[in-house]
Structures are given as structure tokens and as C-alpha cells.
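To keep things simple, chains are lettered A, B, C and D as they appear, and every chain counts its residues starting from 1.
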Amino acid sequence: MEPVLSPLDACLVLLTGWIVVGAAGMLRRGNVVFVARVLFPLGALIGVGLAVVAGWSLALPAERVTLLIGLPDLPFHLRLDPLSRTFLALLGAASAGVSIFAGGYFRKGQGTAPGVLGLQYHLFLASMGFVLLADDAYAFMVAWETMAVASYFLVTSQHGLPEIRSAGFLYLLIAHVGAIAILLSFGILQGGTWQFTFDAMRAAELSPTWAAAAFGLALFGFGAKAGLLPTHVWLPEAHPAAPSPVSALMSGVMLKTAVYGVLRVTFDLLGEPAWWWGLVPVVLGLATALFGVVFAAAQTDMKRLLAYSSIENIGVLFTGIGLAIVFHGVGMQALATLALVAVLYHAVNHAFMKSLLFLGTGAVLHATGERNLGRLGGLIHRMPWVAWLTLVGVLAISGLPPLNGFVSEWLLLQAFLFSHEVPHPFVNMLLPLGAAIVALAAALAAYVMVKFFGVVFLGQPREPGLAHAHDAGRLERLGLVWLALGCVLLGLFPAQVIDALGATTTQLIGSVPPQGASPWWMLAPLPDRQVSYAPLVLLAVIAVVLATTSVVVRRVYRRDVRRAPAWDCGFARVDARMQDTAEGFGQPIRHIFQGFFSMERELPSAFDRAPRYRVVVGDRIWRLVYEPLGGRVQRIADSLAWLQQGRISAYLTYSFVTLVTLLAVVL
Amino acid sequence: MEFAVLLATPLGGSMLLALWGHRRRAAEINVALSLVTFLAATALTARVIGEGNLLTGRDQFFIDPFNVFLVALTAFVGLTTAIFSRPYMRVEIEHGRLNAHRLRLYHSMYQLFMAMMLVALTSNNLGLLWVAMEAATLSTVLLVTLYRTPASLEAGWKYFILCGVGIAQALFGTILLYFAAEKVLGAEGVRALLWTDLAAVKGELEPTVLSLAFVFLLVGYGTKVGLAPLHNWLPDAHAEGPTPVSAVLSGLLLNVAIYAVVRCKVLVEGSLQSSLPSNMLMGFGLLSVVLAAFFLWRQRDIKRLFAYSSIEHMGIVTFAFGMGGAVANFAALLHMTVHSLTKSAIFFAVGHAAQKAGSQRMEDIRGLLAMNPTIGWGLMLGSLAILGVPPFGVFASEFLILTTAMKQQPWATPILLVALGVAFAAIFGRVQSMVYGEATGRRLPHQPALLPVFAHLALVLLLGLYIPPYLAEWYRAAARMIGGG
Amino acid sequence: MSGLAWFTQLLEVLAAISLAPLFLGWVNQCRAWLQNRRAPSLLLPYRGIRKLFHKDAVLAEGASPLFRAAPYVVFGAMVAAAAIIPSMGTGLPFTTAADAIALVGLFATARVFMSLAAMDIGTAFGTLGARREMMVGFLAEPALLIVIFVASLLSATTALPLIAERLATQAPALYPSLAFTAVAFTMVLLAENARIPVDNPATHLELTMIHEAMLLEYSARHLALMEWAAALKLFNYACIGFALFVPWGASTGEPDPAALLLSMPVLVGKLAVAGVWLALLETVSAKLRVFRAPEFLATAFMFAVLGLLVHLLLGA
Amino acid sequence: MNFTSLDLQLLNTCAALLLLVSFAMLSQRRIVSLVNLLALQGTLLCAATLLLAWRTGQHHLYLSAALTLALKVVGLPWLLHRLIRRLEVYWDTEPLINMPGAMLVGLVTVVFAFGLAQPIAELASTATRNAIGIAVAVILLAFITMITRRKAMSQVVGFLSMENGLFFGAMSATYGMPMVVELGVALDVLVAVLVLGIFFFQIREQFDSLDLHHLESLREDQ
């Protein structure tokens, strides 16, 4: 039967619904209960609806609509195609969890009034939706910048603190610079037609050089939003500054819009990318991945840690995009599809995992008021719900089977494994080594996550105050459960997910991942290579073993369990200060990857009464790129200042000289 | 009829207020007069939309799409500024910065200024245009020096001398134009300076003379537009005058000056058949944008900051007109509109902010959002709008200008973009630190009139998302008339 | 998949589980001989496990459910790995459940749970052990992956049984790349199974221990499971090694118990040799300082990459 | 219209004298005599206008001559003299460029102006076409005068002499502008000077001097 609304109309209605919900909050700006307990759950419902619509219509052909608003010669064009549907589904599903959590999260506090916050929050969501729908340059830019501004306001909602202000400033500045680059890239993409609809860009013929330029600009622009090296600096500042649900959205969803942008420009608008373009994102991506995870390991603030881990995942995503471009360019369709699927899959996974983790930190933050790992610990006893649900996210993002993080990683490695077949010297030697870096990053991610979870939730509480920590509320739990469930299901049913992604890959590179004769519970993307992966079986085996062993242990040897003080090699007075701090746990990394950091240490001597150890880990790139840049501009400004020294005769001379020169020119 | 009212109201108003302006209800009268002017302007606009161009006053006055929308804009901003200045000036008096007869001067000069701008916009006679411009300058000189502080006197003096000299150049340019026209239209005095007649015969005008004339006119009126390096009066005048005056200076006077430049450019281009005038405009435009962007980095005074941003935007507009062609002109007109709306809105917010903080130095202004959310949001959103952040209208025009630049002057695009980036960093960093943070400063004795701020911003937002068809048509007609490219 | 196949699979798993401690005992015995000490009984590991199962479990007060669950999870993961690795037969049902990469993932899962459990009590040693374990892990994993890559480049698949099958069925040739990777693999094996030179299973000297430090708080059945899992891990690694480098002798084709039993002696033989080889290595090499471990593993990684490049260059 | 050579000679003499006066202003340091020179310039202008009016018989030229007389010969100088007396500013301080330098620049400017005027002059049908160059020169010289002076008062004088130059230019190129414009211009000039008068007093009471170096506080380079 034919539904009353076409999917696109439905999406429009839902996005408008978000705006309306947000606006409704302004009616009773100060009323937390109304905004948080009523509006945010509504927003979550809309999110679910969006996910359902997009997911259900995934395989349908693209449909368009042209709105009345916009520029007179360039009204807003919207288009709903498999690519946008995929990301809309991502947006809806992830934001649903975040919104429902946020409903329980926001309380009365200083900073922006709840109503305003709700408005900004839902505008943020809606603008992301429109970014995914936009089908002409103007609409896209409008949605894109609105997204940036809305998130900026959310980031700075606690603007009392100077570091939050500077974080917001840095964020918006880099976002704006990126937007300018994107605009330029569109300017090239239209290729002489001077039509700024995406259709015109698809039709436009570009010379290889210009196409490459457009790609480069787009990569830079979207990379700036995604946190690709070297424009990553805003990310670890902005994420901790924002309220946790917002960090969750920014990291989980907003970064993905950048990935969407790159995919859209590269495969849809540019059409046939040259294979060697792919090398740039591969190299940048690998560098970013390694950089991000290494820095994550050195962090002591849990949200900064997660932010850096986001940088790592972005790196992985861009590596995958690069691989896809290379394979597609040299005509290795199957592998290109594989890489692309890996990218899309990982985008979805990361949306769930990272949102889950950020929300977990949010719950901890609320319960303890602490973001510093050095003052947490042992929370698994106080807040079991949060702890166990966060554990799911931790295992997932560490890339452990049978959860979802592993699947996309597996796909990417599979793609890498055969990159030696690329028919170009050096490339075919170097690309496989990329696999090693990806593996290293993944293993390090596991390290980081063990540190994160172990220090926050395990061990003994490092502060007496933690004894009063309370578990998450009902709405918060609901949000966490939703996202954790997502992680598990995405991990257990990869074959189905990949089938669903088929429509998108067809749209982008015109081929679907072959899902040969393998049974429904098994993932076998490369039939000719007979590799396969069946998470359900793995889970089953482990479960069975677990069950049998525990039963055997219980039945056969009936021995009971005693509680006693920790043994610790017989050392009696164990206390919390003897556990590793975050710094301690990160120490091996700092030791091994010294080259990455600019560190300043403060080591205690053996004799001082109150020994204290302090280490500050700085980002070299900041000192190498950004500080000089700012200084340069300031210097230019200063050197220009003498032009205006307040002497009227000087000013008169200017106009005299101008007049005479112009006259001379004319003659 | 409407036209007579349009010019007579402010003229008569200035006389009336010159006598009455210090009494209790003077401010309300001021508002009422502006309202009448605005109504007349809208009526006139409606009529021109209906009946097309309009020649009147023995052909001395002429209304076409190009100037009628500027007339409407001027009348509108004039009205909102009058509304804004009512509480503002009252506070100034309570702070003892003004007294009754200064207020009288203010009101009367304000109306006179309005009248002169309207005359300049509508006059068909280039000589009359010049006279009106000079008169407008004189009236604003008195407004700038209203506070009689050393700084304001200095600003006023510079304003007077620089613009005076500039406008003298413009007069010589006009003379040359007349000289050239006489050759074609014959010496029967009066008609030879009528723009309509000139435009009709612009093809036959003597190129060399016109190119010389254009140089003088450009340097002359360009000084009033604030094109670098002739801009030096502008920041001083904006910073030291009362805020309503800064608002109208930025929002309206610059527009009128640009209008004059463009009118002349049309004639000269018509006769020269060369890209010389366009190149000059583009050169001046780029130079202004770049210089202003870098000067923004050194500002400590909030009004100076936004004065430089005005220079930057005038540069953009000039550049766009220089490029010429349907799209660029359209974008330039749109940019003139949104800029004057946004910038005056910003100045309103700035005025209140400065009054609260009791200082124009930016490091004294903190935590506006905490102090008075409406002012804070006004300033924040206004700045975002002026910085070309969508969905505000400034982005729409900048989008068109940039894309056209990519098409017609690719070399200029990177320069523009760098300048825009620098300006963004400079302005936004400062605005943010003023809007956010803990509140300092005292309560305002009067509830600030922020209706104008949000009215303007709403309009700008609308123009960013939806340009009504008739408005677009109107712009297009004007763009066609300006031609070039 | 017939019931027979499943039965065969079960048989293999059980064989692995039961053989693992024996292999461990054998290695210890060889080591003792080589260091001319009186060798402990071959069955010592079994006795140890049995003894531990008969004891009352003592849990530290701060222990969370995670601490109690970990041993089962680790053990389960290892068993799953054993089910997947073609120790005796290649055509078994579970072998399709995961390829070599997934196998690495399984080991990682076990490692992560062990480390988390170690951090759970919040003692100095536990966290120290966890930290070092994770460090060794993230250095060893890429090396292992590259090793597997080289093998899978030779056999154009990452499914371990297929690798074994294809390598076994190809005309026996000398692969220089495999030679390099074999070295790398051995080093990884040593590191991953807490053997000298990276760790010392026999020591409880606080400052040097890694694996033992994590188990300090465990007792009774939990400890037993952990020990058993460790033995199983060693066994698994050995079997991976066989599959990659000496794939001959495993039963191929349709799974049936008889073939499996036939291939059992071959496996035992390989294990015996491997045990001697391991013991020899551990005897001749000295325990490294913890911060030499990265260099050790970096060397392993280097070997693996060399193998890869050699393969890409020579196609062999 | 029929010009005898005598008229032309007279006109050209006026023009030459105008130029001379401009140079004199450029070098003059006493404000009082500066104003007198301004008056003299006005007179010459008036004379030239009358001559033209008489010869060409264009009546509106009589009017503008009258305007000139009223405004530039009598009105403004008188006003300025009063101001000078009221404000006691008789001397300008040392100009920014010393006399010889100023002269040199002036000469170059004159050459430039003449060169500039050539093409216009060729097109002009008026008898006075050769004077256009002079007009331009006067304007530019006045410009330099304004640049080099340090007292507000003398700057204003420079400004007014620039107006004279413009006027002369208009006359010699086109026998004057349309009446509307001329009236407007005259009005503006008058108002301007009145405004300036007010200004002087304000500046004076603020800084108790008309020295421009007081007016250099609004600047970027600090």
C-alpha cells in the first residue's frame, strides 16, 4: 500500500517537528520540568520516527523537492537518496538515545536557560538533517553553518568559564574557515555552468586539475569539521566544554556529517575520482588515527580522552574513504565496495559507541561533579547501570568481537589486506603497511579504553566524596540502554546491516557487496576469498562454555566464597592512592611515543616533604601551526597601523596622492 | 504628492524641531515625523512599483528602482533610529553628557540630515545631488560634535576637512561632466546636468573628459563612502558621535555616497566603453576590505570596531559594483540593504551596551548576556549576521558576490576570503568576550528600546531565507539599469 | 553440517582443552632439564588446577561482579579460539565462525577482560600488571596481524583453516617471507604468553611480573580457570604457528572423528618439538627490563614487515 | 560672442594672477595676509566673471559675479578677520614643508595640472579654454596649502581658495554652472564657513589654541 506521505515529505515534517519542539521551549524558558521531561522525549520520538522513515525507505529511488524559500534564482533544493537516508537513519537513531538521556540530564543550573538550550539543541538536530537533505550549494551552506552556530551556542552554554569561551571561539573560527573552503570547492564544482544545484555539479565536466582542486578543498573543509589533522585542535577543547549530551551529538553525529560531505562530493558530485586522490585521505587518516589514539592515552580528563578517541575514529573513517577512492580508481570494484561499506558501517557504529560513552561520562559527571580521572574510581559499585552499559561501549569501541566496533574494523582490514594488488609501484608496497597502523591504532584504542573504564569505574574510589555518587535516573538509563542495544545488535547482525548499506554503495560506486550463498548469521563479503565471520557463533560458543563451566564449578565442587581484604602480596595497608592514576596508566605510551608530545614534567625529588608529580602534555601541532599564524596576522595589523597616525595633513596627503595617481593613470 | 510629503516632512520637521526640539515631547515628534516620512516613502514605493519610473519637479527629481528602494530603506532605518534614540538620548541627558538645547540641535539636525539624504537620492540633477551631499555632511558634522568633548571635536574637524575637500573634488568632477554634457545637450543650462538626459546620450559623451571627471567624482564621493585610503575620517566620526548618529552614518550615509558613485559610474562606463571605471572600483573595494580586516585586529573601542567593519562591507559592495553584471549588481544592492539593516541594529545594541558599561572600551564591557539577555543576544546575533553567517541575509549576498568573483575575477577570490576570515576572527573574538562571562556594570534607568534591533535582525533573517518576488524583481530592474560587467 | 561434524568439532575442542596443561607441563619439564634442574612431573599443571578447584574462593572486599565474571569470559574466549583454530582438522563447522583477524580479536577480548579484572580490586600490583599487559598487547597485535597477512597473501585468504589447507596442499616450496614471519611469530608468542624474555611465568618478583601480577588477587576456582586459560592460550598460539608454518598432517576435507584421531599423534609430535624449542629459547635468552619489551616487540614487528615486503617483492 | 584680443589678454592676466596668488598663499605664513590674499583671489575671480559676462552677454554670469563679490571678496574675508581678531591667531607656526620645498612641489603640480588640462582645453569651445589648466593648478595648490598648514584657520583658507579654483574652473570651462547649482554651492560654502566659525570657538575653548597638533589623539598606531 502507498503511504500517505512520501519519505521525503515525512522527513521534512519530522525535521520541522524538531524546530517546533525547540521553539515550544521558548514559551516557558525557565521551566526545566517542561523542557526536559516533556520536550526532549518528544524530540527523541521524532528521532525514532526519522530513523524508521529513513531506514524503511533506504532502498527506494531518490526523490527531490524544491522549496519556495531560498535565493530568488536558487530556491532550496532537497533530495533524499540512499546516501542521505543512511546518514539520516544514523542521525535519528543516535539522537533518539541522546535526547531521551538529555531529558533526564538537564537540570536547573547557571548558564543558558533550559528553554533556550532546548531551542539550540533541536535547531542543531534539524540543521544536521537539512545538511543531509540539501541538494544545492546555498541550501547546504545555510544548513551547514546553522549547524555550526547552533552547536557553538550549545558548547558555550556554560560561558562563565574563560576556557569554555576560548574553546567555543576556536571551534567556530575553524568551522568558519572550513565552510569557506567548502564554498570554494562548490565554486569549482559547478564547472562553468554557474548553476549551484548539485544536479548541475553532477553534470559539470571538470578538467583533472580543477577536479583535484575541488576534492582537496572539500577534504580540507570537511576535514576541519571532522577534526582531521592538522585542523583537529578545536575538538579536544570543544567536546569537554559542551554539556555531555551535546558532546555526544557533536562527536557521534556531527562529525559524521563531515564524512557524509566528503562522500557526497567525491563519489556523487565529482563522479569519477582519480585513484591517486585517495592517497591523501589515507595518509592523513592514518596519521590522524595514530595521533588521536596516542593523545587519548595521555589524557587525564575523561571527556578530552573521548574527544581524542573521536579524532582517532575519524582518522580510521577517512582512511577507509581513501582506500575506497584508490580501489575504485583502479577498478577493483569488490574491494572499493568493501572499503566503502566499512566506512559507512564504522560511521554508524561510532555514532552509537561514542554517544554511549559520552553519555556515560555525563552520568558520572552529574553523580560526582568530576571530570578528572584522577579523582574518580570504584564507581561500578555506586552506579552499576552506568558502569555496565558503559562497559558495552568500551568493549565495542576497543574493537572486540562480537560487538559492532570489531565488524567495521574487520572489514577495513580485509580491504587493506588486498591493497597490494593495486597496480602502482610503491603504493602496492606501502598501503599494506597502513593495515599495521590501523591494527596498532585499534590495539591502542583498547589500551585507552581499559584505562578509561578501569580508572573511572573500577578500583577503589580515589575521593571520599565518591561514596555519595548516585546511579543514573530512569530517562538517562533508557537512553544508555537504547545506545548499548544498538552497539550489540549492530555487532551481531552484520550481514543484515551490510545488505541495507547495499543501496548506498550502488548509488556511490555502482556495486553492492556480494552476499553470496552464506547463511543469514554469517558475514562473507568476499566469496572468492572464502573469509567469513559469524559473531553469533562466537557469542554462542563463549556463552555455552561460560554456562557449562559455571554449572560444573557450582555442581561438582560446591565450595563457597569468602570475602577478605585484598591480599596484594601480603601488603596490609592498601589504600586508594596506591592505584595507578590516569597519568600512571598512560606513562608507557608517553614513554614510547615521546616524539608526539611536547611535555613539561614536574618530578618530585626524594627528599621533599609533600612530593607531587605533575605532567602537562601539549600538542606540538598547535605550537607549529596555529601560534605562528595568529602572530603573523597580528604583526601585519601592527605594521599597517602607522598608516593611521591621526595627523590630518597625512590624511589629506593620502587623498592628494590618490587623486594625482589616478589622474596620471587615466591620462 | 507622496513625493512632496517625503521631502517636505523632514525639511519642515527640522525647522519645527529647531524651535521646539528642547521641549518635553520633542523625541516623540521626531519619531512621528520619521513615521510620516516612512509612510510617504512606502506610498511612493508602491506607486513606482505600480506605475514605473517617475519624473517630477520640472524633471529635477527622478525615481527609479535603484533609488526608490534606497529611499524606502533610508526612511525605514530613519524611523527605527528615531525610535531607538528616544530612550537613548534621555539616558544621555541623565548622565549629563547632553543638555536641552544640544538635544534641540540634535533633533533638528537629524531631520535635516534625513531630508538631505532623501534629496540626494531622488534628485535627478547631479549638481543638486552634490549640494545635498555637502549639506548632509555639514549637518552630520554638527551631530558628530554633539558631545563637544575634545575627541568629538577632533573627529568632527577631520570629518569636515576630509569630506569637505573630497566633496570639492566631486564638484570639479561634476563641472567636467557638465562641460562634456554641454557639448552634446547644448548649452541651455539646466538640462545638461539631468541624469536622465545624460543617461540617454551617455554614448556620445566625450571619453577623455569623462574619465577625468570620473576620477574626481570617485575620489570625491569615495571619501564619503569610506574607501581606503580615503577612509580615515570614518572610524573617528563613528566612534565619537552619539550612537544613533553612528547608526545612520553607517547605515544610510555610506549607502547614499555609494549611490552617487554608481550613478556616475553608469554614465562614465556608457561613454568610455572600457573597463577602467570597473577596475578602479574593484581596486578600491579590495583595498578597503583588506585594510579594514587588518585594522579590526587593533581595535579597543567597540564603535571603532564596527566602523571598520562598515568600511570592510562598503569595500565588498564597491567591489561587487565594480564587477558589474546582473548577478553582481543584484548582490551588491542586496548587500547594501542587509548591511545597513544589520549594522544599524548592531549600533543600537552597542549603544545600550556602552551605556550600561559606562564606557566604549571593549575590556570594560563584559557579560552582557548575564546583564541584559536581549542586548546580549542582539549584539551576538547581529555580529554573527554581519560576519556573514547563514541563515542571515549578509551571507546570501556574500555568497552571490563570492561565486560571481570566482567566475569573473578568480584572482580576487582568495584575497577576499582571507580578508573575510581575518575579519571574522577579529570581530567575533571581541564580541564573544563582551557578550559572555560575568556581568559588570549597572542597571539602565530606562528599559532600552530593542524593538528596532530585533525588527532589523528579523528582516535580515528573512532576506537570507526568502526574498519576496517583487523585491527581487525590483533589485533585478535596478541591477539591469546599472549594467556593466 | 551433520551431527557427525559437530561431534568431531566437540572432540577437537575437548582434546585441545585437555591437552593444553600437558603441553605447558612439557615445556616446563624441558626447561628444567635444560637448566639441569630436577624436572617436575608432566602432570603438575593438572594437579595444580585440580587442587585449586577444591579450595574455598577468597574474594577481596572491593571485588565487583566483573572480577568474578572475568575468569569465565577469558576461559570461554580461549575455548572458542581453540574451536576455531584448525589444530587437528580443517573442515570443522566452527572454523567458518571467525578468520585469523577475528581470532586476534578474541585474544584481545580475553586480554581486556583480564586487565579490567586486575584493575578491579585497585591494588598497586593489579594496575601495574594491567598496564604492562596492555602495553605488550598493543605492541604484539600489529606484529601478529602482519604475520597473518603474509600467510594470507600466500594463500589469498584470512581463514586460518584455508591457509593451512592451501599451504599444505601447495607443492612444498621455500618461502623466504614465511621464514621472516616465523621469527616474528615466535617472538610474539613469547611475549603474548608471558614467557621469558618479556615476562617470567615462574617469578613473583613484583617489579618484573606482568601476567602474574594480574592474577594476584585470584584464588581457587577463579585462579584455576585463569591458569587453564593461560595454558590454553599457549596451546592455541602453538597451533596457530603449526597452521601457518608446518600445516602438514592436519586432517583435511570432510570432518570425521577417525581422521581427527589419526591426526592427533601428528599434533602431539609437533607440540613435543615446539615445547623443546620454546624451552630452549627461554633458557638461552635472559629476562629483559620491562622497557626493553617494546624494543623486543618492535623487532618482531620489523621482521614481520620485512616478510611482507619480501613477499611483495619476490611474490614468495 | 566676439572676443577682442584685448579681452583675452585681460582674462589670461587674471588667470595668471590667480595662479600667482595661489603660490603666494602657499608661501604666506601670516594668517591675516593669507586672508587678504584670499580676498584678492576673490576679487580677481569676480573681475574675470564680469568680463566674461559682459562679453558673452550671459546674464546669469552677472549674478554669479555678484555672488562672488558678496561672498568671497567681502563676506568671508570679513568673517575670517573677525574670527582672527576674536581668537588672536595671527601667525601660523612653521609649515610642515619648508618654503622652497613647497614651492618645488607647487611647480611640479602646476606642470601636472597643465598637462591634465590639455585634452579638456582642446575640446573646449570657450574662449577661456586655456584658463582651465590654471583652474586645476589653483585647486591642487590649494590642496597642498591645506596639507602643509598647521593651524585650523589657515587650513580653512586653503579650503576656500580651493572653492575659488573650482569656481574659476567652472567659469572658464563652461561659462559657469546652472543657476540652481551655483546658488546651492554658494549657500553650502557660506554655511560651511559659519559651521567652521562655531568650530573654531569650540576647539578654542577645548584646547585654547587652534593648533592642529592637538587634534591628533584619535589614531591607530598606539
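In this section, a residue touches a chain if its C-beta (ideal position, glycine included) is under 8 Å from a C-beta of that chain, and two chains touch if they have at least 3 such contacts.
All figures in this text were calculated on a predicted structure; none of them were measured in a lab.
For subunit A, the chain whose average C-alpha position is most distant is D. Measuring from the averaged C-alpha position of subunit C to that of subunit D gives a distance of 102 Å. Our note on geometry: subunit A versus subunit B, Cα centroid distance of 44 Å, whole angstroms. Between the CA-based centres of subunit B and subunit D the separation comes to 31 Å, rounded to the whole angstrom.
Each chain gets a centre from the mean of its Cα atoms; for subunit A and subunit D, those two points are 71 Å apart. Within subunit A, residues 641, 643-644, 648, 652, 659, 663 each touch two or more of the remaining chains. Contact with two or more other chains is made by no residue of subunit C. In subunit D, the residues that touch at least two other chains are 116, 119, 143, 146, 155, 215-218, 220.
Every pair of chains meeting the touch criterion is listed here: A-B, A-C, A-D, B-D.
Residues 641-649, 652-653, 656, 659-660, 663-664, 667 of subunit A are the ones that touch subunit D when the two sit in their complex. Remark: subunit D residues 96, 112, 115-116, 119, 140, 143-144, 146-150, 155, 212, 215-221 touch subunit A in the complex.
Here subunit B touches subunit D in the complex through residues 60, 125, 127-128, 130-131, 134-135, 138, 141-142, 145, 148-151, 153-158, 160-161, 164-165, 168, 171-172, 174-176, 178-180, 182-183, 187, 189-190, 192-193, 206, 208-209, 212, 235-236, 239-240, 295, 298, going by the rule given at the top. In the complex of the two chains, the subunit A residues touching subunit B come out as 68-72, 138, 141-142, 144-146, 149, 156, 159-160, 162, 165, 168-169, 172-173, 176-177, 180, 183-184, 187-188, 190, 194, 196, 633-634, 636-638, 640-641, 643-644, 648, 651-652, 654-655, 658-659, 662-663, 666.
Only residues 157-158, 161-162, 165-166, 169, 211-212, 214-216, 218-219, 223, 229-230, 232-233, 276, 280, 291, 294-298, 369, 384, 387, 389-391, 395-396, 399-400, 402-403, 406-407, 413, 417, 420-422, 424-425, 428-429, 432-433, 436-438, 464-467, 469, 472 of subunit B touch subunit A when the two sit together in their complex.
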